[in-house]
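Encoded as structure tokens, the structure appears first; notes follow it.
Chain lettering (A, B, C, D and E) follows the sequence in which the chains are written, and residue indices restart at 1 in each chain.
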């Protein structure tokens, strides 16, 4: 379904209508439950909501419970989850809407965060839509993707006896957000490689199709900006501890992530400028090439037109043209032609045209 | 009447003079009264002001009364309405002035909101001027249009037993504003389709007339911006509950709409940038085409000018030109000409000109 | 006197030196005194300061007194006025300096406002310098112009029994400022007409002189901005009632004018963008025209250069050129030439060059 | 000494090292002491620090003492002055550093202000570095120049019995700053004359060297901005009376100067825009000229290439060319040639190329 | 290791993992300990952490201890230092990450500052990463470089009996930061020299490769900005004494440095503008050159094409061409040709094309 038909299908619907909006064809969804505290560490694969409910009922209240949903195919599951934990439908709507911009929403019961994870998928810039719903002991993460991007974190929890397993959901949220923010670094690196390769090409061999490539890069930068900028607001809110679920000890970590975000903003600004100068380079380069074409034409024309004139002169059929009768007429003419050519070549060399 | 004559007709008039200012030739106006609460749901078509007054006198005070005016042909009706509900003439003046920018005005008796609903009317960007005058139990909506854009809402009210019918005019205002804001999404989609189609065309076959198309898009973006930007202020004011007629429970809905508005601002910014790069693309593309023309000229001239010179050389009438007497002179000359052509073609192929 | 010599004549002078600075050759100045309240309405033409003093002494204290000075030729009159009402010389200096930007100055005794009224004077953008000095019961308006722009207001006062004659000088100030702000609307309309006419011309038949026209429009936009922007500050100050002479009842009117001003700012921004794109259009259009010129040249050259070569070929004087002896040599050659021309024309048609 | 070597000589030096940094070759320095109050007015030329000390010891404490130093050649004098009045070395360092941007520094003992006075020196934009160190009764002004720019002020003090001689150093500071700010007006006038002259030239006869002139103007605007902008901060601080040495009565004067400064900022912005459009004009104009060159070439080529072809046709040596034998062959050919020329000329006239 | 692999190696690692990130191949690292107060001044070269610990245990508590680490090869040493002084691993991570943007971090135990020192290394813009960890009596400076940039400071401490040796670590921090900020001045000087040299070149002899040079300068300006801008925040924080380790007496020095930073910001802005106009100059200049090429072609073609036509005319083989028989036919033709040439040359001279 195109974005436009998505929009149309939503307009006029009451708020909180649950529909998946996005262009990812998620074939399957996978849910895991990770339960941990200083003593316990368990990972469960969940295959039904009842299964989850049963497992949750067995865990200690103080343990951190992390429900990680990869792919959001199963809207029913989400609805049941929402009802069970009393999550508002407006929140679930944003979870399912992959066009939703990054945001933070704080209420009495939950802290709700939406972020984007950018990546390059075979040269195409893509964006993953990630949502986090958390309270003191529970964090639900929803990834709009087929593969579990968080799979390495389980290991870190398992081994994180000093910090990770002593802290609550706020540290887990930090780790997940930090991973997402760090991904921008990789994306920017790849973007800059592309951009510099194109720049090089534009200077030395611009073609018509490069205009499309420039526009492509421009749109990528815009897309990065649209997902990166609101992240700052989110991190600021976390650092200011606007939600009760962020402990004082976690602030230093979120501040670190905010720090990375600021650096990313600098990089974004630099990328924007670089891309916007590509068009100027293209135009200059095209005119440069035209200049070269013109020089070739001018050199050829300037050398041969006078020679052709001389040849034409002695091709005239006047009866009285004494030169025609001279024995050395022809060789002399050739000599003159040669000298003219020589002088013009020297002139062009001096003008740096050849 | 042109905009200019409109302006002239207003300058120097005392404030509060009621005149319709706009370019919509509204032939007819239609008024409906919808009365609802948890128990009641009624829709009435109104054909005179007395009819309305009578109907209103029969309703319970606690019911929500929604007067929806489609088309503002009947200024007299508006005047009577204003007198009956004690609406200031300055407000009615803004209702009738379709050049009025979106705004919110809060006083003790009313909350007054002006917004714009953009749409594409057969490829032409158009704007509808919508006004809302509301207090606790009454909402008057005025649409500067022929068709009732709100017709689907009646159904939602009827079925909205859980939320809609339990809430007051603030929720109704939210639904109307949200619809208006969501319309921008559709307009942007159409705009971007147009813009990308033009971009494609500019790269591959730019013509003089495209300059007009670019300017057209630029003006559309400006028009969208002029109507979209002030909307943020309106929504902010509603979210901050600056008017008493906004209940605490409605804030979450207005915040949702504000959220959409922020996303629209991002899209607007992206659209602006895209449009402003179209002119650069056009210029680059024109120069690109010139380059191609120049190459054709240069190739033709560079190949034939030397050949013509040689032909001219042996067209000279000197008496002593030994080559002319040679038996193989002519074929040899042709051979030389052929070789020159060959060399030049290879040269151009290498330079990627052919 | 040029602006430069004006500046020079002022530098180093003590503050408060009264000199008219401006480029309007005011031949005559006219002063009227209008006295009104709920009961009284009188208009007097003033011919000397003593005349004014006498008339003022006869009026009731509670009546509103409006002294309207059209043209500021008579500096002596202004000095006497200043001394009589104890207006600081720094204020009178600003009244006389038509280069003074719009401003508001509030002190214990007076509210002092400077605004600009823009207008088109036979295609030339011009600016009128208007000053208002007012307290509770007195408003002195000074127009840097020959014609009384406020002449219609007298009628409005006369008939304004409901509002105008009940209110004090603040309402009068509002009416005068509103008139001035509304004038920008007319100016923008005329400006946009000019700008669009030029745009059209630039696309279809750009000439060298258009560069001057573009610059002209740019300067007009700058001039409008320089006089329009500070107006916002003035109106904001009035709406916030920073001066005691603004009653609470007048705020709603000034807010209305502020509203118009905000709309004008949007229009200004749009005009700026439009003008700044004119130069790009010009450049694109020039290159477009060059492209057309080049195409004509290329078509002519590409068709005739090969033909001329063939003609040159059979103009060679080799003894052994069997074609020359053929009976059908000449017609065949013509045929070949015709075919070459045909092929090239088809080629150009296909390339859309013809 | 170049700026670079200046910088090098300072880096790594302890703060407060006294060195003159600047590009003015001041040959001589002149010091005057002006002492005034309501009764007294004296001007003394100072030739040594002891002379100054002696004179100061003889003045009444309540008199205003103005030490005006023209040219800062004599660093020793400055040091002695600094020690005598207990002026910090960090302040004196800024007095001597002509690259120091305008600033205000307020401490318990002194108010320290640095401003720039711009002027055109034979077509070259130059800047004078002015410093003011003042307390209640003492004002030391230091001008980085050879000529006393303040010479007219002495006269104003002498005659200023009403205001000048009744007020303290704050009024003197106002007069000096106002003079400096007013100088920008003159500079802008000259700048705009230059800019408009260049604009005219660019439109009608652009040459390569104009690129340098445009850059020159750009740099001048930058230099003006760098010295003008910080002035606003200075005046704001004075108007807010952040220093104790500014009396309430002086605020109205500083506000007046601030007002002028705001107007200058508008002019600066306009100048920036004008200069930045010069490059666009240049580019457009160059392309315009190229267009004209191309037209000449195209007209010549388009007329003569077909004619030359016809001539070449009848220069062919085929045996069977019946036209060659016709009696009217030659005149007819000439006629055809003439008609072709005529048609082409009409065509070019119609295309507005001739 | 490339930056990209650096990033990859960090993503997903727990915070506080110590790894050197940077492109400096530091071969060796050197550590010095400087201990000073009013009476004592000692400099020690440190070769092991135990050595350092021993030396520190011998110093008086009140002395300032400055540990200067040049090159950060020895991560082990840094770890031990961190453990000994209880410096958080998050701080040490930033010390080792040379991509970290300048920042200030204030906690109870330490003031942590990161800055950049820019320099030109054989025409290449380079950046050094400097970190400062300080409390009341201890300052650890870490330079990401091979050479000790602070070597001259030791001398200043030694001789600084009046100020330096009386003050604590805050003054030392000021001296180090000031040195770093002053370095930007030198870098800007060199940058502007390069930029102006390129500008000159672009105007008179632009070549394709200059596009790369322009981009190079653009990137340098971006890099300078990214390291310079955050410095302001750092200095502001120090001036506001947000850390307890900054004494009131040191504020005046940091304010001085802040002052320099503001001036650098002006210079940065000017540099940005200059660089961004280089591309416009390039484009204008390229078109200028094309114009010249076109003129040469047009002059040659316009002169010789008519002559060649005349020659072709009399090369026709019509039997009846009376001119061919005339005795003065040939000389007359030559004369006509000469006159045409003359007229065209005069025409071109007048058009200023020759």
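Everything that follows uses one rule, which is that a residue touches a chain if its C-beta (ideal position, glycine included) is under 8 Å from a C-beta of that chain, and two chains touch if they have at least 3 such contacts.
The model shown is predicted, which means the values in this text are computed figures rather than measured ones.
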| query | Which chains does subunit A share as contact partners with subunit B? | reply | none
| What rotation angle, rounded to the nearest 5 degrees, superposes the C-alpha atoms of subunit A onto those of its identical copy subunit D? | 145
| query | subunit B to subunit E: how many Å between their CA centres? | reply | 44
| task | Could you give the separation in Å between the centres of subunit D and subunit E, each centre being the mean of its C-alpha atoms? | result | 27
| said: Among all residues of subunit C, which ones touch two or more of the remaining chains? | reply: 280, 283, 287, 290, 294, 297, 301, 305, 308, 312, 315-317, 321
| query | If each chain is a node and each touching pair an edge, is that a line, ring, star, complete or other? | reply | ring
| said: What order do the chains sit in around the ring if I start at subunit C and move toward subunit D? | reply: C, D, E, A, B
| Footprint of subunit C on subunit D - complex, ascending | 152-153, 156, 160, 163-164, 178-179, 182-183, 185-186, 189-190, 199, 203-204, 252-253, 256, 259, 262-263, 266, 270, 273-274, 277, 280-281, 283-285, 287-288, 290-291, 294-295, 297-298, 301-302, 305-306, 308-309, 312-313, 315-321, 352-353
| request: Please name which positions on subunit E make contact with subunit A in the complex. | output: 3-4, 7-8, 10-12, 14-15, 90, 99-101, 103, 205, 208-209, 211-212, 215, 218-219, 222, 226, 279-280, 282-283, 286-287, 289-290, 293-294, 296-297, 300-301, 304-305, 307-308, 311-312, 314-317, 321, 323-330, 333
